[in-house]
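Below, chain A partners chain B and then partners chain C, in two separate complexes.
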Partner chain A sequence: MSQNDTISPLLSVKDLTVKFGEGPREVCAVDGISFDLHEKKTLAIVGESGSGKSISSLAMLGLLKFIGGRVSSGQLEFQSSVLGETVDLAQAPEQVLRKIRGNEISMIFQEPMTSLNPVFTIGSQMSETISLHQGLSKSEAQTRALEFLELVRLPNAKRLLTNYPHQLSGGMRQRVMIAMALCCEPKVLIADEPTTALDVTIQAQILHIIRDLQAELGTSVIFISHDMGVVSEMADDVLVMKASKFVETGTVHQVLGHPQQDYTKALLAAVPKIGSMTGTTAPKLFDIPGMAQATKPAQVKTTDTAREPVLEVENLTTRYDIRGGLMNRVTHRVHAAEKVSFEIYPGETLALVGESGSGKSTVGKTIQQLIEPASGAMRYRGKDIFSLPREDRKAFQKQTQYVFQDPYGSLNPRMTVGESLVEPAKVHGLISTKAEALDKAAELLEKVELPAEYANRYPHQFSGGQRQRLCIARALACDPSLIIADESVSALDVSVQAQVVNLLMGLQESQGLSYLFITHDMAVVERISHRVAVMYLGQIVEIGTRQQIFENPQHPYTKRLLAAVPKLMPGHRPTRVLLDGEIPSAMRAVDDPPRLVDLQQVSDGHFAAL
Partner chain B sequence: MSDMNNTSNQTWTHKVMASRYFCFEFIAGSLLTGTLVLVVLLSGVLFPDGGGKVNLVARLTEPFQSAEFFLGTDPLGRDILERIVHGGRVSLVVGLLSALGAVVLGTVIGLFAGYYRGFLDAFIMRFADIQLALPFILLAITVIAIVGPGIDRIIVLMIVSQWVQYARLVRGSVLSLREREFVQAARSYGLSDVKIIFRHILPNALGPLIILLTLNVANNILLESSLTFLGLGADPQTPTWGGMLSEGRSYIQTAWWVTVFPGIAIMLTVLGLNLLGDWLRDELDPLGKTRA
Partner chain C sequence: MPILRFLIQRLLQAVLVTIAVTLFVAFAIRLTGDPAIMMTAQSSSVTEADLDRIREALGLNQSFIKQYFDFVRNILSGDLGESFFRGSVRDLIALALPSTLLLAVASMVVSIALSIPLGIYAAVHKGGAADQIIRVLSLVGLSFPNFWLGIMLVLMFSITFPILPASGFSSWQSILLPATTIGIILTATNVRLVRTQMLETLSSQYVMVARAKGLSEKTVIYKHALRNAAISIVTFLGLQFGNLIGGLVIIELVFNWPGMGTLSIEAIAQRDYPLLQATVSILAIMIVAVNLAVDLVYGLIDPRIRVA
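The block that comes next holds the complex of A and B.
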């Protein structure tokens, strides 16, 4: 910071206030934010959803008017080299902004799936931007596009130019977005949660590329994120926002290392830090400052393998047929789960981890009988489920309950919360009268620490974290013995995530629940799980206790997964062996079944494919 | 004491203001539709002689001239007001029953086809394609030629030919709704398919259905008139709104009132139903209740 004080900043934001709406409905989305962005530096803006971080970045591009907002006061002074003068982005007319937007300041959005136009080729979308700003001919623009696709380390860049977005994977599309954002060599790159929608190993790849390119091209970066690990890896300076307001700013060492404000401290405390549990065997609650502290650790310290397991899964195989050709025959199969075997013991959390397409959700849905397996057996307290008649299998659905990822999508928007919560209990004949339903709803709401009068509200009146609590409450309606939590905390803000994880652990203790915790987030897994199973391309490649997996990983994929998690060490710039390309697909031709891995015992209860 | 009165007064007005019925759509819609239906139901009392009385002396009387023929007369000297009131019986019955029948049939088929997919879905949808390709008039002429004309047959014919659009509309919504997590959640805790379809999927698919339904009522009133015109519908002596429109067509330049008044009757019916439909759609959507 000290050396920069003498040079005037590239972008200087002073007292920025953004408002939406008119009159009594006026909402202040950003309230008096000030910061400076210096050349070749990375400023991270962190905060939880709704804190106004994305709105601030849209203000810098002059895009607010398209979403109904306006800069009501403050300056956004940008040193434009195209215009050769300092421009106030808040006041500048649209023609001036158009010269700057995409040329001197460009942006990468969160969702790579939707930010490319699906009907144009990658090449034509890229050369459109280039010829617009640089006045190059079509073929020159194509050459330049190719150059930048190679710069973001995309293999086969030449062929990619003629490809359409749907032919690319998420990670590749995000790299195309970065190439597009950089192809006019902007002075400022705004990256709005660029890796949130991506898998960890792909995230590591993208972060690496952004860092490399920043060094090569000398771009300044405004990095918007809610992920403290990513921020600590990328940022020079950090600005913390909460509910549209400024909280604190400083270098990454100051803010993440010695936070001054309570909010920052709380935010950092809620971040699961991978490696923080080394040496402990039992799961541990998050410390949330200002929250009632649960001092007791979870009840089951280590997994008691002498007891009868709640659920045994043996050689479970689930495949999706892909039909094609003239005769509509099965030509390919997605081997979503191949010979998956594990047990879950009473009061235990088994984490099933892997990246998208690894088949972890398929395993969960097969257990919940949402998908028919191709083969394999499943025993609930020793009773074989798949061999039972249909009605008896239905009754088993009472014992396992599923909590989905999206808290917004998993409650029927047209039913009151109370109706939704008691429906499972009604299905299984546990309640019949209206009065019973009311009591049950109140009891369930209380279990997830929500007031009983919320039963009459509709789902849209709740926040994401509250809705996830509601989904958990619904899962508890039939007193199940196993809850399958499919990425249930992944969509939540860190502080809310910590609370929900604590709630899950508390319920485990009081109700003796078992969890199958399906997730991609290794840091949360370390907190919550007793045992961990790692899935890769439909097969379990390593399984063991949490300590065995985290402290002594054996399979190369487990090691890569653990290494890819960004660590909360300010200024630490990890050098990872980067995967070239993508995770291969589990789709295979019918006559080409996958090679089955052979799990070998590493130590007591720890098996890995070697 | 006066304070107490004041507050109770306020809460009373507040209650009315906050009521779901206190909005333009509901009040205007139910007034319009209610009045029309009432008048049509009372047609026998208001005009006991059935609107068929020919009075060639008074042919093409202009409207608003006399109390006897307030809306004028048609080329045969029949009172237009009387014919509108009586004609409403056939028109409303045909329009409402055919649209309701089609919406029920189409929705049920669309719900099940979309939810279960597979062979049944493919079969029904190909059948629907074939039916859409057949011109309605051709179908109507063929069927009526076999079974003979009549109002009831027209209604059945309209239902049979119009369920397709509802089925397609509903099936489209179902295809996306069945993948939503709340539907999967309902399956995960063992709710039966029929309950999932009617409790979770149908309420979320109602919005566009209601809109299509209200538009269809108007279309069917007009369709009935073209069938009558072809001699396939009601007895030509029975007044209907559509029939009056087509009769008045050739006089439009000399006697506008013959066509304009039945046209207004159709328009008011559709307007009333549309307003009620809009209100119902908003009312069924919990998000709509938060409006200020």
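The block that comes next holds the complex of A and C.
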């Protein structure tokens, strides 16, 4: 596999099989996986949801029994220095495993918001591990904890020791988790999707820290991820898994550069590669092997700004009041959207990008009239919406439809898919009889490339990708002219994501739809959008055509956002100017309004705050 | 100063609750009968003039509003007034309140001592035989009336095996039966609560993280999981304590326990307005105070709502 074959591996997994349940309900979650982890190397385990990659990592810590699973066959041979011998982690008794867990093999989990115990201070949670494994006194353990908090570049590390988790942002908590995982200087660090829940600039920060510390401490890393870009940046070796089974393995150059298996090829094809569209203006479908429509180009090449816009948003401002004090007065405001202006033209996709807290969803929800704006105007085909009486506004609501991020939470589990799909059309009085409803449901399902007989099924019978198709079908029920897609593909596996993005582009072409595509994912934006608006702390800091934004970014935030996206270049270890702290908050005192940015024209249709 | 605002809010709330409760009680008891007639029911030669004289002596000839304000004014000056029949209300309450509190606390202790270990055990061994048995017993406990359990315990431990006193409050043994009765009844609910809360925290990610650190199961369960489960358990126990003080009435009657419950029942029977108004006011204030205490303790165990 690599040049390390002569040295015996630190961790050698042979034919690992993990099962859950008993008898007829037995499920095989990992089916015969083998790999070697060598000293100071990073092995990435890649796969989509349900591939068994996280389950394998829990097996290495002997933690499966706590979630009802078991290693049914195979060996996990680990060269333990604490015990001075090779231990089979699949067979070792609990006392032995406890000496290894957190000490020689430690783990960082995906969700930093729930990984730390909310009722204990950072200092006590860290020194607990240190005292346990190194037998240090309380004050010595605190000193060591401090040392490692500084190592993960946390500012004010001393104060953090007495802080509780809720006082820290997600990125900071993940750094605390890294410090905690590394504080006993383990030989193996398992990182299970450590950056998936984080913003892209914070992700870049965390990946750097892991890489630097790995070099500093000589740790071997098992990096579990679904994100090929991240894997390309982190891994020496790669193992691909699909549906509990092994697909292929090799060095990062072999697997990402010259994949042998069809699944790996398909997976890589589905990954949006930032920069791959340089020099083009129109959106482009994803090339999914075996799918014919991939060759069809998008109809709308460039935005025709001479036409009347579908929607004009002018100086839209939405704020959330924070109350406090004895009199419960408004003391602070979250300036979620400040003087946001843009137009969306017929048949075009405007991407609204930004990180959490940038106010991008607030803008979408204000347009859908789910939130009342503080000020500003919104014109639908020239008609001022906010000045209309309530009933007339409702008619406009029909013209815009919202597709949410979570396809699980947005379909009523007790209604058949058919009922859910035609509900909006019923509400707006477009259909009345049962026969019409049936026809409509069939027609909508057909539009999103699902069989018409699915109308009688319930949401739980569908996968995440299918549900998101259903949500899109429902949005189409009233023949809208604008669809607001709020992180609609973010929760989907990459191969499914590519299909749904292709579907959206196909629908745009056939129905002449406009999209407001709200997302944090720059790589998807590059594929789908005609124009891009970048939001930062409630304001648009740069807006222009996709080509202008991606090939000639002007605002420092746009540049940082683009630079932070991991690229699919095996072995490439980018050096970035890292955001040092956190993304600031849009919450401000009442008498301290934010400074408004001044957008200046860079070139035709390209504006940036400089 | 959010904590100050919180306390002021709660204090205002307590005053409003007390006013509402006493007003309602004072009004309602006056609808149920005339104490003057009740007092003289035994004698045959009572004239209307005698009744008027009694009413005047008790202050009952005045308007309801006047009577209520007199009562409030007296309370504010620390005077709980005189019972119609039994002397100073203050002395009566001074005797009854400690016994009620003692019984309430003892019952809670019994219930906590039973439900926390059982609930944790059931959660840790979810689906096992012990878990099933605990759940069935808890259902049985929820299904039968508390006075019936009291009577059964009396039959068993005072009649069949006469080892414990059946009623009254004469020695420390007297509290065992009533406290056990209420304790068991409360355990039926609490064990379920502890079990659910523990199951929830045990399945949380930070518990998995604690295990991944190499901590022993004991530390994981009793430190990491229990401490988090305790947040909702304490809230619930606090609210329960409030209900318990109100609900003690029946058990106090069954065991002839000289507490606030017995005192108020007697006051109702005799239409002893001042005594009833005073006991009910004190119970209401106590329930509000317990809720306030729970909110403060809540802040202590949950750093997320602790005031910086």
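Operating definition for what follows: the second predicted complex is superposed on the first by the 606 of 610 C-alpha atoms of A that agree within 3 Å, B and C clash if a C-alpha of one lies under 4 Å from a C-alpha of the other, contacts with A are read in each partner's own complex, and residues count from 1 in each chain.
Just so it is clear, contacts are C-beta pairs under 8 Å (C-beta built on N, C-alpha and C of every residue); 3 or more make two chains touch, one makes a residue touch a chain.
All figures in this text were calculated on a predicted structure; none of them were measured in a lab.
When the shared chain is aligned, no partner comes close enough to touch A:R319: not chain B, not chain C. When the two structures are aligned on the shared chain, A:R531 is found in touch with neither chain B nor chain C. Once chain A of one complex is fitted onto chain A of the other, the partner contacts of A:K53 are absent, as it touches neither chain B nor chain C. Within the superposed three-chain model, A:S106 lies in touch with chain C and out of touch with chain B [touch as defined at top].
In the superposed pair of complexes, A:Q368 makes contact with chain B only, with no contact to chain C. By the touch criterion defined above, A:N412 reaches chain B but does not reach chain C. When the shared chain is aligned, chain C comes close enough to touch A:T114, but chain B does not. Looking at the superposed arrangement, the partner reaching more residues of chain A, out of chain B and chain C, is C. Within the superposed three-chain model, A:Y164 lies in touch with chain C and out of touch with chain B [touch as defined at top].
Applying the stated touch rule to the two superposed structures, the chain B and chain C interfaces on chain A have no residue in common.
Those residues of chain A lying in contact with chain C across their complex are 61, 63, 66-67, 94, 97-103, 106-107, 109, 111, 114-121, 128-129, 132-133, 164, 166, 177, 180, 324-326. Interface residues of chain A, counted against chain B in their complex, comprise 368, 370, 394, 397-398, 401-402, 404-406, 409-415, 420, 423-424, 427-428, 458, 460, 471, 474, 477-478. Considering their complex, residues 1-2, 4-5, 8, 204-206, 208-217, 224, 227-228, 231, 301-304 of chain C touch chain A. By the touch criterion given at the top, residues 180-182, 184-192, 199-200, 203-204, 284-287, 289-290 of chain B touch chain A in their complex.
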